[in-house]
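I have placed the structure first, in the form of structure tokens, so that the comments after it can refer back to it.
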Amino acid sequence: MSGAHLNPAVSLSFCVLGQVQWGRLVPYCLSQLLGAYVASALVYLVYYDAIMDFSGGDLTVYGPNETASIFATYPSEYMTLGRSFLDQVVGTGMLMLCILCLGEKRNTPAPAELIPPIVAVIVLGISMSMSGNCGAAINPARDLGPRLFTLTAGWGTEVFTCYDYWFWVPLVAPPIGGVMGTFMYLIFIEWHLPDPDQPDNDSALSISETIKQPGPTWEKDVELKSSHF
Amino acid sequence: MSGAHLNPAVSLSFCVLGQVQWGRLVPYCLSQLLGAYVASALVYLVYYDAIMDFSGGDLTVYGPNETASIFATYPSEYMTLGRSFLDQVVGTGMLMLCILCLGEKRNTPAPAELIPPIVAVIVLGISMSMSGNCGAAINPARDLGPRLFTLTAGWGTEVFTCYDYWFWVPLVAPPIGGVMGTFMYLIFIEWHLPDPDQPDNDSALSISETIKQPGPTWEKDVELKSSHF
Amino acid sequence: MSGAHLNPAVSLSFCVLGQVQWGRLVPYCLSQLLGAYVASALVYLVYYDAIMDFSGGDLTVYGPNETASIFATYPSEYMTLGRSFLDQVVGTGMLMLCILCLGEKRNTPAPAELIPPIVAVIVLGISMSMSGNCGAAINPARDLGPRLFTLTAGWGTEVFTCYDYWFWVPLVAPPIGGVMGTFMYLIFIEWHLPDPDQPDNDSALSISETIKQPGPTWEKDVELKSSHF
Amino acid sequence: MSGAHLNPAVSLSFCVLGQVQWGRLVPYCLSQLLGAYVASALVYLVYYDAIMDFSGGDLTVYGPNETASIFATYPSEYMTLGRSFLDQVVGTGMLMLCILCLGEKRNTPAPAELIPPIVAVIVLGISMSMSGNCGAAINPARDLGPRLFTLTAGWGTEVFTCYDYWFWVPLVAPPIGGVMGTFMYLIFIEWHLPDPDQPDNDSALSISETIKQPGPTWEKDVELKSSHF
């Protein structure tokens, strides 16, 4: 029903933009948290034998046989607190910038049907390039849900207390980063695009404009395109 | 003719949904099994020199030079029976959930021409992420066909008796998982989508609906497409 | 002009199908050979320093510092002659089967604009999975052109005489494989598809049929799109 | 506003083709340089802890713990000056050839909405296959911006003086390569395509031709699509 909102930081940003009602934010976030918790439980069930084989039955947060980072994220040894906060802000800001660009009707938007795989590639790219510092959570629900699961499944309170109570960073930094990315998008891109109601620039005529001038031949074309799937 | 049904678990799920006739299920499954057997024979012919070079001519199921797992799947040493059954149920259920979402006309469906490569990416993703436990068969034909081939090609009856007659798991678990995934899709997604015959929700007007009204309502469809992320 | 024919085995198959004139086959093949030779020369120029650094200035076909396989393909030590011939026949046959399926108007064809990247992925997939045996040339021009270049650039006649004059295998086997793949496509798929001029099967009504219904201007556009590979 | 011009060598080539006004070239290049400098500063901020941990606080251009090549490009030890110049010319020429083919209306053009990801794959492919020699900058702004950043951030003047003042190669070679690639495209492809105003070749009838027949509204749409990269 929500169009696959999976990230509280992204949902908050869309609330700020007025594209999602504020009243829906808390239910969305709780659903996301619940989904992440249930998914962690499923991973634990399917890989229980493998986790026990690897850890020798001792579920820990530190050490060469630690298994907590299968679920929640933890910072690298060399990271300072401020740096890991910045890391999460920048990662989520980049995610939000990319998502907003994809749907901009006045620029060249990505085809609607391809947005899900493109967002998947963006998240994969950010995860691959930015997980070195502190695991690239860039999503409070994806981090807190699994962390709560490990708390209840035998890893103990260390999942919250470790690294000097670091767990709050992937909860607080991503929403800040998402909103900052949204404002950077508005300031540097959105407000420089031509007004869709008064196209005064022929060479930059937006697609959505053209589509609204449907002589009769248009409709046919669209029908073909749309009926091909 | 069948639209490339390659997996008995998927075919069974479509029978349950009423999208494939029950009478076609057995012929489909036998064809899938035959196809997997013939493909295994071709792999064996092309890589005969490499297999003989690697195994030293001794075709075995266990040990560092085993070659049976090139064809059928076998569980990791640490897996218990129930866990490997669960692994196959979850893997096939996820596959079925993804396949059904791709074609849902009342949500944003994937373009029909792109469904084959998208399904290939899904199968690749499940194979890469879930093969650690017991090889990610998630397809009875893909597992039994090659296993029968290795039985007839010199690996002996050990391909069936090994790991305490484990071979029945990838035959029985995937169909159960596929049907469970189908019901989860119906319960959690399908039955919550707006009724296609009585569209009472403008903002969620389905594409298939709009397509049936090909006069001037086109414009709506196009705007719909653009607003679908 | 040719629609990017780069492989003599593929061009020959299209001649057999009657989609390319026989008189064009020899000019196409010579162009393909010339292109592969020139591309090899460019690679040699750009990587001259790297090749000299790696080989110590001694350009050889055998040994740990051999550099000949950068250009042409050579079989693995364990391969027998017949097996490597089969390997090339199967690889090229699979390539041809995939290419013909992509453009089949009476099945779900791939979008014409996406055929180039899809063919690139197919060639990449075959190269990755089948190069273990003997380098996955599956293209006489891609193999003979670079081999002729290495002959003239200092590797000597060993590039032709090595492995008991093996060089003829990637020249002769791919065309045979391509034509065999084409006939397998005709026998197992093409001849089972409904006749586009007499649609007698409602549930399997082909896309090209449906497209012909809307109006006269459509057909031109659609046929154009479908004939673009 | 510029349609995502990120590379001075590409912008220069489009000026030569008359598709971008010459007066815009210098502002574009300065923006590209500024963008690369700011992006380098952001990378430095986010990875400051990791860089300090790896380098031990000693920011150098040479040696096993060098960190300068995170930002700008440097040649491999074995490269001669002329060879690295050729490497950059060939890499940028290939990039320009690919970009121009994608938008050719008289051949099969790539869909306008997919050009951004396709160009990303091309740049990724060239970076992966050609970075062995000297880092595959193929973009003066992407190289000079980060180099200026490292100069100001503590790596010292060695980033410019190292390898015998090599830094000018990725500044001068890419524009030459881009323009050479453009002329090769014009000579070998563009001038051989049928004249769009006088179609005399039925079997090779170009898409843009056919599209102009249906009705007046078509043309706008197609030109719009084609002009979007």
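Order of writing sets the chain letters: A, B, C and D. Residues in each chain are counted from 1.
Assume a residue touches a chain if its C-beta (ideal position, glycine included) is under 8 Å from a C-beta of that chain, and two chains touch if they have at least 3 such contacts.
Bear in mind that the values here come from a model prediction, so they are computed numbers and not experimental data.
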**Study point:** Farthest-lying chain, centroid of Cα atoms versus that of subunit A
**Key:** C
Review point. Where subunit B and subunit C touch, do the two copies share over half of their residue numbers, giving same, or under half, giving different?
Key: different
Exercise for review: Find the two chains joined by the most C-beta pairs in contact, please.
Suggested key: A-B
Exercise for review: State, to the nearest whole Å, the distance from the C-alpha centre of subunit B to the C-alpha centre of subunit D.
Suggested key: 41
Practice item. Could you give the separation in Å between the centres of subunit A and subunit B, each centre being the mean of its C-alpha atoms? Key: 28
**Study point:** Residue numbers of subunit C (touch at least two other chains)
**Key:** 111, 114, 217, 221
Exercise for review: Can you check the complex and tell me which residues of subunit C touch subunit D?
Suggested key: 1, 42, 45-50, 52-53, 111-114, 116-117, 217, 220-221, 224-225, 228
**Study point:** subunit B to subunit A touching residues, read off their complex
**Key:** 76, 78-80, 83, 86-87, 90, 108-114, 118, 130, 132-133, 192, 207, 210-211, 214-216, 218-219, 221-223, 225-229
